[in-house]
Amino acid sequence: MKKPAAKRPTSSSPGKVREFPIALLGQKFMGKAHSNAWSQVARFFDLPLEPVMHTVAARDAAELTAFARRWGWRNACADWRQIAQLDEVRLVDIGTPNHLHKEQALCMLQAGKHVACEKPLAATLDEARVMHEAALAARRKGQQTFVWFNYRRVPAIGLAWRLLREGKLGRVRHVRAHYLQEWGGPQTPMSWRFEKKLAGSGAHGDLNAHIVDLARFLVGEEIECVHGAVARTFIQSRAAPAGTKSARKRCDVDDSLLFCASFEGGATASFEASRLAIGHQNDNSIEINAEHGSLRFGFEDMNLLWLADGDGRGKTDGFRRIMCTTAGQHPWVEAWWPSAHLLGYEHGFVNMAADMLRQLAGKKPEIPLPDFEDAYQTQRVLEAALQSARKGASVRLDQVR
Amino acid sequence: MKKPAAKRPTSSSPGKVREFPIALLGQKFMGKAHSNAWSQVARFFDLPLEPVMHTVAARDAAELTAFARRWGWRNACADWRQIAQLDEVRLVDIGTPNHLHKEQALCMLQAGKHVACEKPLAATLDEARVMHEAALAARRKGQQTFVWFNYRRVPAIGLAWRLLREGKLGRVRHVRAHYLQEWGGPQTPMSWRFEKKLAGSGAHGDLNAHIVDLARFLVGEEIECVHGAVARTFIQSRAAPAGTKSARKRCDVDDSLLFCASFEGGATASFEASRLAIGHQNDNSIEINAEHGSLRFGFEDMNLLWLADGDGRGKTDGFRRIMCTTAGQHPWVEAWWPSAHLLGYEHGFVNMAADMLRQLAGKKPEIPLPDFEDAYQTQRVLEAALQSARKGASVRLDQVR
Amino acid sequence: MKKPAAKRPTSSSPGKVREFPIALLGQKFMGKAHSNAWSQVARFFDLPLEPVMHTVAARDAAELTAFARRWGWRNACADWRQIAQLDEVRLVDIGTPNHLHKEQALCMLQAGKHVACEKPLAATLDEARVMHEAALAARRKGQQTFVWFNYRRVPAIGLAWRLLREGKLGRVRHVRAHYLQEWGGPQTPMSWRFEKKLAGSGAHGDLNAHIVDLARFLVGEEIECVHGAVARTFIQSRAAPAGTKSARKRCDVDDSLLFCASFEGGATASFEASRLAIGHQNDNSIEINAEHGSLRFGFEDMNLLWLADGDGRGKTDGFRRIMCTTAGQHPWVEAWWPSAHLLGYEHGFVNMAADMLRQLAGKKPEIPLPDFEDAYQTQRVLEAALQSARKGASVRLDQVR
Amino acid sequence: MKKPAAKRPTSSSPGKVREFPIALLGQKFMGKAHSNAWSQVARFFDLPLEPVMHTVAARDAAELTAFARRWGWRNACADWRQIAQLDEVRLVDIGTPNHLHKEQALCMLQAGKHVACEKPLAATLDEARVMHEAALAARRKGQQTFVWFNYRRVPAIGLAWRLLREGKLGRVRHVRAHYLQEWGGPQTPMSWRFEKKLAGSGAHGDLNAHIVDLARFLVGEEIECVHGAVARTFIQSRAAPAGTKSARKRCDVDDSLLFCASFEGGATASFEASRLAIGHQNDNSIEINAEHGSLRFGFEDMNLLWLADGDGRGKTDGFRRIMCTTAGQHPWVEAWWPSAHLLGYEHGFVNMAADMLRQLAGKKPEIPLPDFEDAYQTQRVLEAALQSARKGASVRLDQVR
């Protein structure tokens, strides 16, 4: 019997794989998802850098101790600014609420760190622009930025991207995307998510951000024009949160927002986000109709991609149900289980962590990772939709900066 | 052995059921569908009026003789105007191309006939308005008008209408409708459908007409505003029709048109029609999200309605697959076969013929039939969408007449 | 204006198409389905023989008059034996309960008629054998027999048959078939269907008959052995029928019967029929796994066929949803509506009537029609399953005659 | 900034949660799945025992070092028998090939360890019986046994179990289960899986084991009789494994095996396993029809359960699609992500590890864990099916020990 490694059994032998210390800001839902990604990634992927879970920072110190222990962060601190001083930390991962992203990202870029930020990039377009510019400046010094648009790393989306890039499907003509949830009914009490000054917007920034990113990513073009938009706040006040005694609170963000748009190459698109679509729990769905075929994806059946590549005149044309768990279908499949052993929600984060570490080691992954510039473009589209809803008119993207 | 009836075995005994002579204009696709409806309706339904297939009129006399024989029309004539002179004819059924509807309907209303017209009501809003006004005038003389929006008589839509009218689902918040087909690719040669002066518009008038009607019918409200629209002609020229020698022809109608809208009560809506959506053959689909539940229908699975009526917090909430073939589910089900014996496309026409004959006998059917006024409202929405696409701005329906 | 034909507008011109007089026995569910088939067939199909609805026979004379009028039968009679005397009648169509089939078929074959009989061929294997032998004798005199296994004429099944015959899918390895309904719970009162002396068996003869026929038809081989079977009568007594005063009645037929079998070529098969499968209304489903592909069909989505023809290692392999309404897919599609306009339950009967009339005119249809011999083979399989359930042992088909 | 814990940041504070050292035998597919379960379980669940990954044993020492490092096993050894000597190890987890299970389990039970064993319990019924008896003896000394039937811990199965135990669905009448895969075609080279002396059986022991366990578990009764079975070896020889030079090899295990059975309470059942069902990748499916409702599950859509609980006469009866990711639906849901964030294959193992640790701490989980006795009962059913296939006759379970 022998001990495989003196102290840190999960590390690989020194000399081969460089250690790569990471810090995380935030310990809520995204803190958990990112911690899981950093702790799982080296178990399933062979990587050129070994992620070291160096320090986690968050406000609630009591909670934080337990969190750090649970997830294996070596250090914990209640003041995120201290992270900037830690020379050995290479990547700072921001999983805090949207209104903190700008300050934190700027501080860490300033300190010479690589930065990975949760989506949406920022609460407003102005903040996003500043972040994008800071990222450009940092890029010249070799720093990289990432935005956690995790759905790009879902297996079925990886296959869809490959099929579209191969070119056999031809030019895209239509995109139809919606992100529908049902939790936002009147029985749901007030929270920061319904308050504009904290959340920026409602379903729009939360959900349309994902599908606008997915559409731009899959089509491989920018959106040129928003042709019209409607926003609605159906539930205009809510009970105060459980445990608090105050009166009902006013909600000032959208419950839903939908809009029509078009891409540079002429494809039309529709986007809709809602928290009031009963029967849809986490229904992030997109369909693309191209010249020679169509693709359809829905996150509630996230291991499936549907492809129609005939023209309807063949004897056996029709949408095909592809289970995206087979070797060769997408870049991450071999890391996991044998064919047809399904993946779940958190695997997208782990896949993304793997691609980030590879890119940080100089190996650009096959499927592009979103950076601050990319996320800024998505934010411009969201802003154009807000303006279009306000004005009752089309808004060209070249008017939105 | 005895003969059941001297001459016309399909007629019921005189004295009980009045004969009701009908004339048909047109012998193409819709001529066939309407002829089938008039010949099947008395076999499956018990009716207060017995439809008599009196005369069919169409231009191609040679073809017409065979058509009349095949379908049991007692008379045939090549000049549709003669129908106006036939005193005994009570209802004239117009199944001709759109640009003929106005002249034919006006002539027949003038002659005192009830008129049933194929959708869309007319090629332009101006024509539709004139027809609507003529129908109003005729109504004062006791004449009725109908428009063949046959999808209102699909079983699943009948059940959806009932569920919405019962009120348990509450107010509608979102409508999402699309009508997608795939036949319009570049390999399809030129035809009247791609020429504006003959067809009025492309996918918009053909397909959006159906889903705008369905949405108005199910929601039970009028659309108040079109918030933005995009139209596209992707295939700008086509080969001349087979058998002709001319050069390629220019197409000047839309291949697709999508738009956002809102209803009087505040519900948002999106509509999209396309002939270039590979994998969709006749995909007329609508989903409605209301306060307390959602409904989903797609014509490619026309015997099914999907209903979600929990709020997602119950242990067994979710969309339910309802096969709409059970006694009591909708007004037409008992006329056909035992439970779970599916119906098809043409049954909507037969169901509609039954309801028309009942209404003509003074018995208003439970589920409302579309008349010229109703179809004119749909046409106003279509026009508003065209204007919105042209202007790049919202168009309020009260500005469109 | 001109009259298309003096008396019978539905007939084609004499000299071209021979009239072909038909008589029908029965006026219940199957009487209605067959009447519809004979009245619709010449409207949708171009046929070498014109079906003439000559006479219908059934016991209840009052009801019969209305039935004959409604469906256009020229004559009606209460004594089915008189039909044998009608020289002009060429084909006798038997739509009566199972226990009458033998006597009626033998009488009509004796009288020189062609005979079409509802399924199952007979109540017992002994009766079926006698009928089969009578059909063989009559065949030598040029008489034809048919059995209304209508599911063979569902579009998706037509396409499945073609795909299997083309040979690309290779040898069949597995068949999995079930026919599940839900109406047979304890709340359903007594009827002849639950009484052995009237019905022969329960779900087995009613439902397994269909799927055994479909399996034999699609595989193109005979079943060689039944390897084991289980029959169950879960509801052992039922309330007397509504309107009668008697006590509860004992049920002595199976509510469900399932069995394993194998085909001559080695393929394995399972069959299950039940009237107690909640959520399944008319779920006649079959899946076939062959060497190079699989096919799946369910009658509740009867316009769809699912085909998987990769081997799971291709990047886009998977089951494909084929809407079976496209020109060229199956022999009946062009008779009906344009692509993607769905067909329903009764269309299988109309398609079968068309193929019968063609075969009677000497034109063998592409897809074989079941005759008495064919139905006798199905009945042997049903009998083998009953014996296997009784004995608790395998039963080879060569032991069952 | 402070360090959350001196050495082992993932451990909870001493005094509260006892450490619980575990050893693992095996480093292949199941070694990976079990290692992941032990490393993830304390991150997502709050547990009374803290799993310590003490030692992993496997033959290939070179491979083992990397494996241990990757997964965080503190020690590694090439001789599994040494584990028995490690006093501190409390639970031995056996993830080796089937033919090793008996010797390893007996050795570890002898040494006073709790034992968790991969399924199937053993290669033969004789071995399984001996293991069951050893477990009974060990139980008297307080030792527990477990068998990794991981599908019992899939969320949708947890909900199904609860719904069946609540009793509203009534008695079970039918079970229909199949486990179909497609990888076993002739292009797949020889491996131990096709050799009887190594694998025991083919698809039967590998796949039917899972669905027989699931059926017994969900129904909550034992199987009483196997009524007939068919086994087939379609591919009788295969190419030698890549890299070896020998001639083709004979395969002597089943490619598929199907059988009919019945439960003590009278419910009928069918089971089918195949590796030759194209289009099915990992299709472990089960449907249960009970008196008042039906449940349906398929592993390829593992986050969904389908429930039909009407009787088909209600206006909105039908199968309901339940996404099993909502708080309260099953015992493991709160440990993971918010509603509707899907789980994957490996989560069943983590859920099972959590329940084992709770039971080892004396807190019996709501949903029962399979032990050696339970797995022995499953093995008796598999043996009965093999005997039935051989004999061509029913086999009662009371004849199989």
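Letters A, B, C and D name the chains as they come in the text, with residue numbers starting at 1 for each one.
FYI, a contact is a pair of C-beta atoms (placed from the backbone, for glycine too) under 8 Å apart; a residue touches a chain by one contact, two chains touch by 3 or more.
Just so it is clear, the model here is predicted, and its values are computed rather than measured.
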C-D, A-D or B-D checked against B-C; over half of contact pairs coincide for A-D
Farthest chain relative to chain A (centres taken as mean CA coordinates): C
State, to the nearest whole Å, the distance from the C-alpha centre of chain A to the C-alpha centre of chain D. 34
Where chain A and chain B are represented by their mean Cα positions, the distance between them in whole Å: 43
Per the centroid of Cα atoms for each chain, what is the distance between chain A and chain C, given in Å? 55
Would you give the residues of chain A that are in contact with at least 2 other chains, written as numbers and ranges? 183, 281, 309, 312, 317-319, 323, 326, 339
Interfacial residue positions of chain C with respect to chain B in the complex: 1-5, 9-12, 29, 33, 36, 39-40, 42-43, 55, 64-66, 68-77, 82, 181, 183, 281-282, 299-303, 323, 325-326, 337-347
Interface residues, chain D side, partner chain B - complex: 159, 162-163, 307, 309, 312-313, 315-323, 326-329, 339
Note: in the complex, chain C contacts chain D through residues 173-174, 176, 178, 180, 182-183, 185, 187, 226-230, 232, 234, 256, 258-262, 266, 268, 270, 272, 274, 276-281, 289-294, 296, 306, 308-312, 317-319, 388-389, 392-394
